[in-house]
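Okay, so chain A shows up in both of these, paired with chain B first and chain C after.
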Partner chain A sequence: MDFYYGMAQLIGVHTLLGLSAYVVLLTGQVSMAQAGFFAIGAYLAGMLTVLAGWHIVPAMLLAAVASALVATVVGFPALRVKGLMLVVATLAFGEAVRIFWFNFDYQIAKGNIQVGPLGGEGFKQIRYFPENGWSTADVAVFIWAWVIAAMIALWWMDRSRVGSVLRAVGEDELAAQSVGINLTAVKVSAMGIGGFIAGLGGAIYAHYTTHIEHLNFGVVLATFAIAYPILGGLSSVIGVLIAVIFIQGFLVEVLRFMGDWRNLLFGALIVLAMNVRPDGLFDARATRTLKRLFGRQDA
Partner chain B sequence: MLELRNLSKHFGGVRAVDDLSLTVNQGEIFGLIGPNGSGKSTTVNLVCGVFPTTSGAVLFEGRDITDAPSHRVVAAGIARTFQNIRLFGDLTVWQNLWVAQNSAEERSKGWFGRWLGGDRTGRGDAEELLKFAGLELRSGELARNLAFGEQRRLEMARALAARPKLLLLDEPAAGMNAEEVSQLATRIRALRKYGMTILLVEHVMELVMGVTDRIAVLNFGQKIAEGTPAEIRDDPAVRTAYLGTADA
Partner chain C sequence: MSDFWWQVIDSVQSVLDGMMFGSIYALIGIGFTLIFGVMHRINLAYAAASIGGAYASLAAFQLLSAPAIVVFLCAAAASGVIGYLVYICCFRFIPTEMPLATLMASVGMLILIDEVVVHATAGMPEPYPAMFDDVMIDLDPFWVRGDLLMIFALSVIAMLILLYVLYRTRLGIATRAVAQQPSAAQLCGIGQERTNAATFVITGALGGLAGAMVGASVGILSPLLALPLTVKGLIVTVIGGLGSIPGAIVAGILVGGFENVFQYFRGVTERDIYVMLLLFVFLTFRPQGLFGRISTRD
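What follows is the complex of A and B.
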C-alpha cells in the first residue's frame, strides 16, 4: 500500500511542478527555471521546519512566496529574450540555483546531531512528518489537498479574463500589446505565479523525501517540468495531471521491468503520444467533450 | 485630435517616413494613401509605439505620446487593426473581444472584478460589437476557424472593444471582394455616426474616395498632397506617384 501512497505523493508533487510551468508556458515562455524555483521552495521550507521549528503550512507558504519573488526578479530580464534564448537563459538560472545549494552550508546542532543543508552532502533529516506522527496516507492526503487547491485556482484563472489574456500574449505579443495588454506585467506575473506554485511543490517534496540534495534539481527535473504541460496540452490544467500520471505513473513505473531499455522506450512513447495527439493528451476537443458530459454547452 | 509633427523613421539608410506632419481632426475620417512602400504602415506603427521614432513627435489630444509603449497608446484612446490580420487564433471570437476590453471604463469596475470575474463580465459591450461585426452566431468559434472576411470584421470589433477615440485601420479592404468592400464602407460610415475618428490607411481607391473627408498622400515617406477626395483625384503629383511620369 505504501507503494501507492508513494506514487500518489510523487504524482502530486510533479503535478505542482507541471502546473508552474503551465502558467508560464501560456504566455509563450518556455522556462527551464522551474526546477530552480522548486529547489528554492524545497530548501527554504526545509530550513524553516527543521532549523526554525515552524509548522509546515506557514513554512510552505513563506518558501513559496520567496520562490515567487525570485521568479518575478528572473521574469524581468527574461522579457528581453524569447524562444531558444529564453530557454538557455532560464536553464542557466536553474543551474545557478542548483550550484548555490551545492555550495551552501548552514548547520546547527539539534540534540546530538548537526542538521541543515551541507553543500554537496545535501540537506538530510527533514523529518517534520515522521516527528509529528504523520502516516504515509496522511502525507498523501495533505499533498493532494494542495494539488487540488492549485488546480482549482488555475482552472478558475483559466476561465477568467486572466486566462484569455495570458493566452493572447502567448499567441501574438504584438497583437496583445495593440489591444492594450501590458506585456511586462503579464509575463512577469505569470513567472511569479509559476514560481509560487513551483515553490509549494518543492516545499512538499523536501518533506516527504526527508533528504534533498542539489542533484535532485538539475536539468532532468527542469525538462520534466516543461514536458508535462507540453505533453498534456495547454487547453486545461487537467492535461498537466494526465501527463504526469502518464509519465510518472505509467512510463516510469510500468516499464520498470524493462531495465535499462526503459529509457529508450520512454522517449519513444512520448514521441508517439505527441504524434497521436499533437495538441496534447488533453486537447481542446477533450475539454469540449467533458463540458458536454457535464451539460455546459457555453464555452 | 491626432497630430504628427515632423515625424521620421529611418531604417538604416531607408527613410520609411520622412518629416511627415499631418493633423487628424475630431470626428473625421482621414485617409492615408500611397503606393506600396510609401510609409503608410510605418506611420501607423510609429503612432502605436511598435517601434521607436527616429525624430519628430506624435501628439494625441494635445498629449505627447511619442514612443509610448503600445498598451499606453491604447489606454490613451487609440486602437488599430493590422494589414495582415493578427487575431488570437486559439481564442474564441468572444474571448478575442474580451481580452481587448481594457478601457478606462472597464478599469473603473475594479481590478478584481475586471480580471478575475467569470466570462459574463463585459458581456453587454461584446454582444453589441458582435452584432456590429455580424458575428453574433459565431461567438463560441475559435478565431482561426473564421472565414477571411469574418476575421477582418472580428479584428475591427476587437479594436473597438478597447473603446478607442481614434481607430487606425491598416488596409482593412485588402483581399476583399467588391461586395465586402461596400459592406466595410457602410460599417465605417456607421462608426462615424457614433462619433469615432478614423485614420484609414488604404490601397483600395473606391473605399478611400467613398468614405473619407480628407486624404493625405505619401510617396517615399513624404507627404506629397493633402486635401478632399476630389482635390486628391485631380492632383498631378498624386497621378505621377501612382502612374509614373513619362520618363520614369
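What follows is the complex of A and C.
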C-alpha cells in the first residue's frame, strides 16, 4: 500500500509544479525558471523546519512567499523580453539558482550531528514527518489537501475576471494592451503566483524525500514543469493533473515492465502526443464535454 | 618574473584556450539562430541531435577505424539526417500557430535522441578520436594546444562554407527569403517546406561537426554533454542577437573565453554562474543582443 501512497505523493508534488507553470503559460510566457522557484521553496522550508524548528505549515507558507518574491523580482527584467529570449533568460535564472545551492553551505550542530545544506552533498536529514510520527498515508493526504486547494483556487481564478485578463494577454498582447490591460503588471503577477505555487511544491518535496541536492532541480525538472501544462492542455487545470498522471503514472510506472525500452518510448510518446493533439491531451472540447456532463446546461 | 605576471599570462592563456573552444558554441549558436530565423521556432533537440550525430560517427571509427577527419565528416552527415528526422517529427505536421506544441515536441525529441544514445552505448562514455592532440605549439610565453587549434580551424572552415551557401547559392537565397518574408517567398515560387527541411539538414550537419569537435577536444563522448551544450548554445544565440549569424560567432567565442577564465579563477563548479550573469547583463542593457535589431519578433 505504501507504494501507492508514494505514487500519490509524487503525483501531488508534480501537479503543484505543473500548476505553477500553468499560471505563467496562461499569459503566453514560457518560464523555465519554475525548477528554480521549486528549489528555493525546498531549501528554505527545509532550513526552517530543521534548523529553526518551525512547524511545517508556517515554514511552507514563508518559503512559498519567498519564492513568490523572487519570482516577482525576476519577472521585471525577464519580461522585457519574450519568446525565445524569455525561455533562455528564465532557463539561465533557474540554472543560476541551482548552482547557487550547489555552492551554498550553512550547517549547525544539532545533538551530535551537523545538519543543514552542504554544497554538492545536498541537504540531508529533513526529517520533519518521521520525527513527528506522520505515516505515509498522512503525508499523502496532507499533500493532496494542498494540491486540491491550489487546483480549486486556480479553477476559480480561471472563471473570474483575473483568468480572462491572463488569457487575453496570452492570446494577443496588442489587443489586450489596447483595451487597457497593464501587460507588465499582469505578467509579473502571473510569475508571482507561479512562484508561490512552485515554492509550496518544493517545500513539500523537500520534506517527503528528506534529502535534497542541487541535481534534483536541473533543466530536466524545469522541462517537466512546462511539459505538464503543454501536454495536458491550457484549457483548464484538469489538463495539468491528467498530464502528470500520464507521465508519472503511465509512462514511468505502468511501463516499468519494459525496462530500458521505457525511456525510449517516453520521448517518442511525447512527440506523438504533440503531433496528434497539438492543443494538449485535455483540450477545450474536452472541457466543454465535461461541463455538459456535470455542469449546468447554460455553462 | 613576478607572481603577478605569471597570473596575467595564465589568465590570458585560459582566455585563448576558451576562445578556441568557444568556436564550438558558435557553431551550435548558428544552428539555433538559423532555424529561428527561418521558422521562428526553437528546436530544443538541436544540441542533442549534434551529439547523436557524433555518436553515430563512432561506428565509422570503431568498425572501420577510419581516420579522424573522416569520422568528423561522418558525424556531420549523420547529424544532417537526424536534423531532417527532427523536422519531420516536430515541425512538419504541427500547425504553425501552435508554437508551444512544437516546443514540447522538440523536447520529446531531445529525450528520445538522448535515450537512443544511452540505449546503444549502455550509458558508458565512449572514447572519441582527435587530431593533433599530441602537438603543442610553443609561442613563448603561451602554448597553443594542437587539438584546440584544429577545432578552431575546422569551425572557421565550416562557417565560411555556410556563409558561401547562404549568400552565393540559390538554396541560400531561398533560405534568406523565407526568413525575411515567408509569404512573399512563397509567391515567388519558393517551396517553404522544402526550404525549411533544407535548413534543418544544413544546420544539422553543422551541429554534427560541433558535436564531433566536442568529442575530439574532451576526448570522450557522453550523452550528458547534450543538456549543457543546449544551454550554452541558447545563451550564445541570445547574446549574439536572434537570427544574426555574425552575432552567434562573436558571442560563441566571447562566452567560451569568458567561461574558461572564470573556470581558471573560481573553479568549475562556479563558472556557469558568471556565464548566466553575463547573459543577464545583456538582457538588461542590450536585450536585442550584440547584432540583433531592436524590433525583435516573437
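We adopt the following convention: the second predicted complex is superposed on the first by the 297 of 299 C-alpha atoms of A that agree within 3 Å, B and C clash if a C-alpha of one lies under 4 Å from a C-alpha of the other, contacts with A are read in each partner's own complex, and residues count from 1 in each chain.
Assume a residue touches a chain if its C-beta (ideal position, glycine included) is under 8 Å from a C-beta of that chain, and two chains touch if they have at least 3 such contacts.
These numbers come from a predicted model, not from an experiment.
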Next item on the list: In the overlay, answer first, second, both or neither for which of chain B and chain C A:77 touches.
Entry: second
Check: Which partner does A:103 contact after superposing on A: first (chain B), second (chain C), both, neither?
Finding: second
Note to self: By the touch definition at the top of the document, which applies to A:155: first (chain B), second (chain C), both, or neither?
What the structure shows: neither
Next item on the list: For A:165, decide between first (touching chain B), second (touching chain C), both and neither.
Entry: first
Next item on the list: For A:134, select first, second, both or neither according to whether it touches chain B, chain C, the two together, or no partner.
Entry: neither
Next item on the list: For A:144, decide between first (touching chain B), second (touching chain C), both and neither.
Entry: neither
Check: With both structures placed on chain A, which of the two partners, chain B or chain C, ends up touching more residues of chain A?
Finding: C
Next item on the list: Check the residue A:54 against both partner chains and state whether it touches chain B (first), chain C (second), both, or neither.
Entry: neither
Check: Which of the residues in chain A come into contact with chain C in the complex?
Finding: 25, 30, 77-78, 80-85, 87-89, 91-93, 95-96, 99-100, 102-103, 120, 218-220, 223, 226-227, 230-231, 234, 260-261, 263-264, 266-271, 273-275, 278-279
Check: In the complex of these two chains, what residues of chain B are touching chain A?
Finding: 48, 50, 69-71, 74-75, 79-80, 82, 86-92, 94-96, 98-103, 114-119, 121, 140, 142, 158-159, 161-162
Checklist line | Footprint of chain B on chain A - complex, ascending | finding: 156-157, 159-162, 164-165, 167-168, 171-172, 174-183, 284, 298-299
Next item on the list: Mind listing the chain C positions that touch chain A in their complex?
Entry: 36, 42, 89-90, 93-95, 98, 100-105, 107-116, 118-119, 227, 230-231, 234-235, 237-238, 242, 269-270, 272-273, 276-277, 279-280, 283-284, 287, 296-298
